[in-house]
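Same chain, two partners: chain A is paired with chain B first, then with chain C.
After this line comes the complex of A and B, so read on.
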């Protein structure tokens, strides 16, 4: 395999830049070997070819000063870099860059927990701090604060928040719970946002906005800077926690359960983001497809029904929790019971009866911020499972849920894939995650998955739905669907890009934001 | 045909000494007898993985549903045993996660094989170096239903270099029908090769 190089850069220029970078971080922290070292920076779940996203090198700085020096070098040579923090963005591209040849700027070694404030419930962390790291730290020190983690806990606060990720406690909207950040701009300027920018500030992780424009969001899902530190709010350990699950028998119950949830969510009767999870997602935690169906294509209804019965699962499975003092939980649970018991066949499950079930156990952990990796078990549904997530947003509205579900399921079946999905009901919206699972060793299946995804983006756009986040391969296509008023939003992104990063060195193409010289060429 | 002796040329078999931590339900074999530390992980549910692990050692514990439970141990092993070998017979997802984790410590796969049983049809899809892929696929088929035992005996003899991998497949008819998908694998440090 020939060395992938950044577009327009000769091997001589590349080697010269790498030699300078080695001077900054030391040779042990520059990774160049394609067969060994750079395999850490591939997306094992991509639906095209490894080569499309193969980096030319990776560099792991330890300090802000080193980042500044690296940026000066890559600006000189006009070499694109791709910033990652914990680098586990699987389903959306993993640690791999948008295009072959970029140099990955891997911040995993910047992994200090700078501060934890128990009284005010926050932590300030560097990009390499994983969910496990902070959880273990809190446990060791006996600090009674919870983290909120994504389902795979090897990811981290800065990376996940940068990509607008979500978790399962009441603090599950990660960007909402972010407060204050430090960012290095392309020219090396270090900026602190919000209150941190006033002299001797002690309130950077307490109040988000400071004075002037609130710009934190600009550095997320974008390529305007390198985030080097972030404040995150942590939930005080509540006096009590009652997780529950409701199994629902019919496909159409999705509509009812969503509509019944919205007022409970808006009024904070349910404290976290409830999940309505389809049968296959739940079943895949304990069984594989071939145990119930050895044919090709999506699993037939009769096999699904048998599996649901065997595993005591619903066609939809609804998870949520209430938190707080016992009388409050009792009160809320009564309202919740009364509300959902109106759905014929709805069955409540609690720890007493459900403990030991793999799906229940890991969701209960996630709803109290206990890090784990159990959700990866899902990938055994098919042999050699890989997946990319198609993740459109809708209103938390029954009809919208059904429309999206039916649209995606129909298309998935047309392309011979199972529908494996869940709806996460946020404050007013829903994240719908369709886990498009394929055999990652099977080139034909990958191609089919790729084609299906592209069709889904267009189908969703035609119905007025946009995605909250996406895989490297589809960033441009989805950016094109955010095109109201003659692409005014992307024109704004591009104006900012040109101003903040005129050489276009920072993560070119992240979410469809390209520097001037590459615009329209991808 | 791949005989044990073929591999003995490139590595020595060592008797495994077992260290387990029951609270973590991990099958852990640490073997320093011949100078190469070995960490072996096996799925707790699959009968083939159980067969495998009992032949790596006498004790029996295993990988549960949450692979995250093993992270600290794998990281510690990688840091403390740069010349070590991590091997396993596990669900595919566990291999995927361990592989990603170990890469951060410079450990990369030098061998992996999918063992797929569809009814009575048992196939072994091996990825290994050019010199060994065919041999291993053949040996696994020759071992018949005892393939996990063959693997257990040969774990440390599987290739440990980091040359480009090629694929080789073998297939046999099994006497019992099942639906199963397991992956055997070994990871070693690149700097070691």
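After this line comes the complex of A and C, so read on.
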């Protein structure tokens, strides 16, 4: 196997750069062996080939100063690096770089919890801090603050937030709950955003904006700098918490439940982001497909109905929670009951009757920020583990939900895959996650999954829907769909890229943002 | 909260950051410094000295999917495709340390690989030993 190298870089240049980087971080923190070390940096769940995303090396700095020195070296050699935090961005590429040959800048060892402030409800963390790390720390110290974690909770705050991830407590909009960050620019300059502009600053994790342009967002889903720490707001443990689930019997109920939710969400009667989860997603927490259907292609309706009955699940399963003092929860729950009981067949479920069901238990944990890995059961649905997420945004509107659902389900069935999905209602928007599951050992299935995804991007764009986040393979295609006014938005991204990173060393191609010399060549 | 204290420790964190190559000045995140509940956390880190015990690594990286019970994805799938007796890795006497180490670094079907920054080589040895020894010590229910 030939060593993957950065485009345009000779083995001699690569070796010389690596020798210099070893001087900075020490040889034990430079990983070069393609088999024993770098296979752990591949995207195990890709829809093409491992080789498409095989890095040439990985480097794990421990300090900002080391990052500055590494950036100076790769600027000299014009070697592209790909920054990761905890490297668990699975379904979107995991730790793997956009192109073969990049050097992965792995920040996992920068894992300091720099500050936790219980009174003001925030933490400041480095990129390597995982959800489990901070949760365990808060538990150990008896600090009454909750985290808000991604569903598989081995990821971390900086990576997930900077990829615009969402969670399940009232603090689920992760970027909204971010306050202040430290960034190293390509030229080594260290910038602190928001209020952390003076030596006397005491409000860096309290007020987001400071004076002048609020630039934090520029460093998310982009490649304009390396985020080295981040302030995150943490929710004080509330006096009470009432999670609930409503099972819905009919496909069309998706429309009704979405429309009924919006006013409750806008007025904060429901405090977290409600999720409308389809039958198969829910069922996958308890069973695998083969237990109900051993044929090929999507599970037939009769099998679905039997499974729903056996597991006491709906065609849609709606999860949300209210938080606060008992009288407030009681009032809100009355409104919620009155609202959703108007849907024929809607059935409420609570801890009392549902506890012990893995699907219920993990949602309840997520809605109070308790990290867990149960959602990985989705990977068992067909077995083989392959998965990528197609994630379009829509209005929190019933008709839009149905349009997206029907469009994706029809295409998925056309390509012989199950529709497995969930809708998450944020403030006014709706994230729709279609979990495209395939056997990663089956080349034909991978190819078919890849083709389906590409078609879905175009279908969604034709209807005016854009995706909020995507896998390495589809970043360019989706970037092209954000093309209004002759690509004005991407021209702006590229103008910033050229100014902030003239050698194009930082994560080239992240979300379709390319340096000048690689633009249009991917 | 004493805000000057926040700032003071924030500076300390920055300087600690700069000095983090000195492993004697750092400590594992799992042995975090004592903390008043409304005071800033002391800087913590895992760097050169990181040699966490097998049990610590297992709980952090493996237990979420491999603990017993239906909430654990790997246990459930192994029960289905390999049988109940092969479901819980901490109870399996057929796994060798070398096999465990290979799977951790390479992944297997649903399981993704773990990088040397997640689990370094010394810790991987600890983990493999912990699983193998733990399984040896396990007594199946029916023989208890």
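Quick note on the criterion: the second predicted complex is superposed on the first by the 522 of 522 C-alpha atoms of A that agree within 3 Å, B and C clash if a C-alpha of one lies under 4 Å from a C-alpha of the other, contacts with A are read in each partner's own complex, and residues count from 1 in each chain.
Going forward, a contact is a pair of C-beta atoms (placed from the backbone, for glycine too) under 8 Å apart; a residue touches a chain by one contact, two chains touch by 3 or more.
Note that the coordinates shown come from a computational prediction; the quantities given were computed from them, not determined experimentally.
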{"item": "Which superposed partner A:294 touches (first chain B, second chain C, both, neither)", "value": "first"}
{"item": "Contacts of A:443 with chain B and chain C, given as first, second, both or neither", "value": "neither"}
{"item": "Touched partner set for A:488, first chain B, second chain C, both or neither", "value": "neither"}
{"item": "Partner chain(s) touched by A:462 [first = chain B, second = chain C, both, neither]", "value": "neither"}
{"item": "Contacts of A:44 with chain B and chain C, given as first, second, both or neither", "value": "both"}
{"item": "Broader residue contact with chain A after superposition on the shared chain, chain B or chain C", "value": "C"}
{"item": "Contacts of A:132 with chain B and chain C, given as first, second, both or neither", "value": "both"}
{"item": "Which of chain B and chain C A:154 touches, first, second, both or neither", "value": "both"}
{"item": "First (chain B), second (chain C), both or neither touched by A:62", "value": "second"}
{"item": "On chain A, positions contacted by chain B and by chain C", "value": "36-37, 39-40, 44, 108, 132, 153-154, 288, 290-291, 358, 361-362, 371-374, 376-377, 379-380, 383-385, 441"}
{"item": "Interface residues, chain B side, partner chain A - complex", "value": "65-69, 71, 91-94, 96-97, 100-101, 103-104, 106, 108, 114, 116, 118-119, 162-164, 179, 181, 190"}
{"item": "Chain C-facing residues of chain A, complex", "value": "26, 28, 31, 36-37, 39-42, 44-45, 58, 60, 62-66, 87, 90, 94-95, 106, 108-120, 123-124, 128-129, 132-133, 136-137, 140-144, 152-154, 200-202, 286, 288, 290-291, 358, 361-362, 371-377, 379-380, 383-385, 440-441"}
{"item": "Sites on chain C touched by chain A in the complex", "value": "1, 3-4, 6-7, 9-10, 13, 16-18, 20-21, 29-30, 32, 35, 37-38, 40-41, 43-48, 60-61, 64-65, 70-74, 76-77, 80-81, 105-107, 109-118"}
{"item": "Chain A residues within the chain B interface of the complex", "value": "33, 35-37, 39-40, 44, 88, 108, 132, 153-154, 285, 288, 290-291, 294, 358, 361-362, 371-374, 376-380, 383-385, 441"}
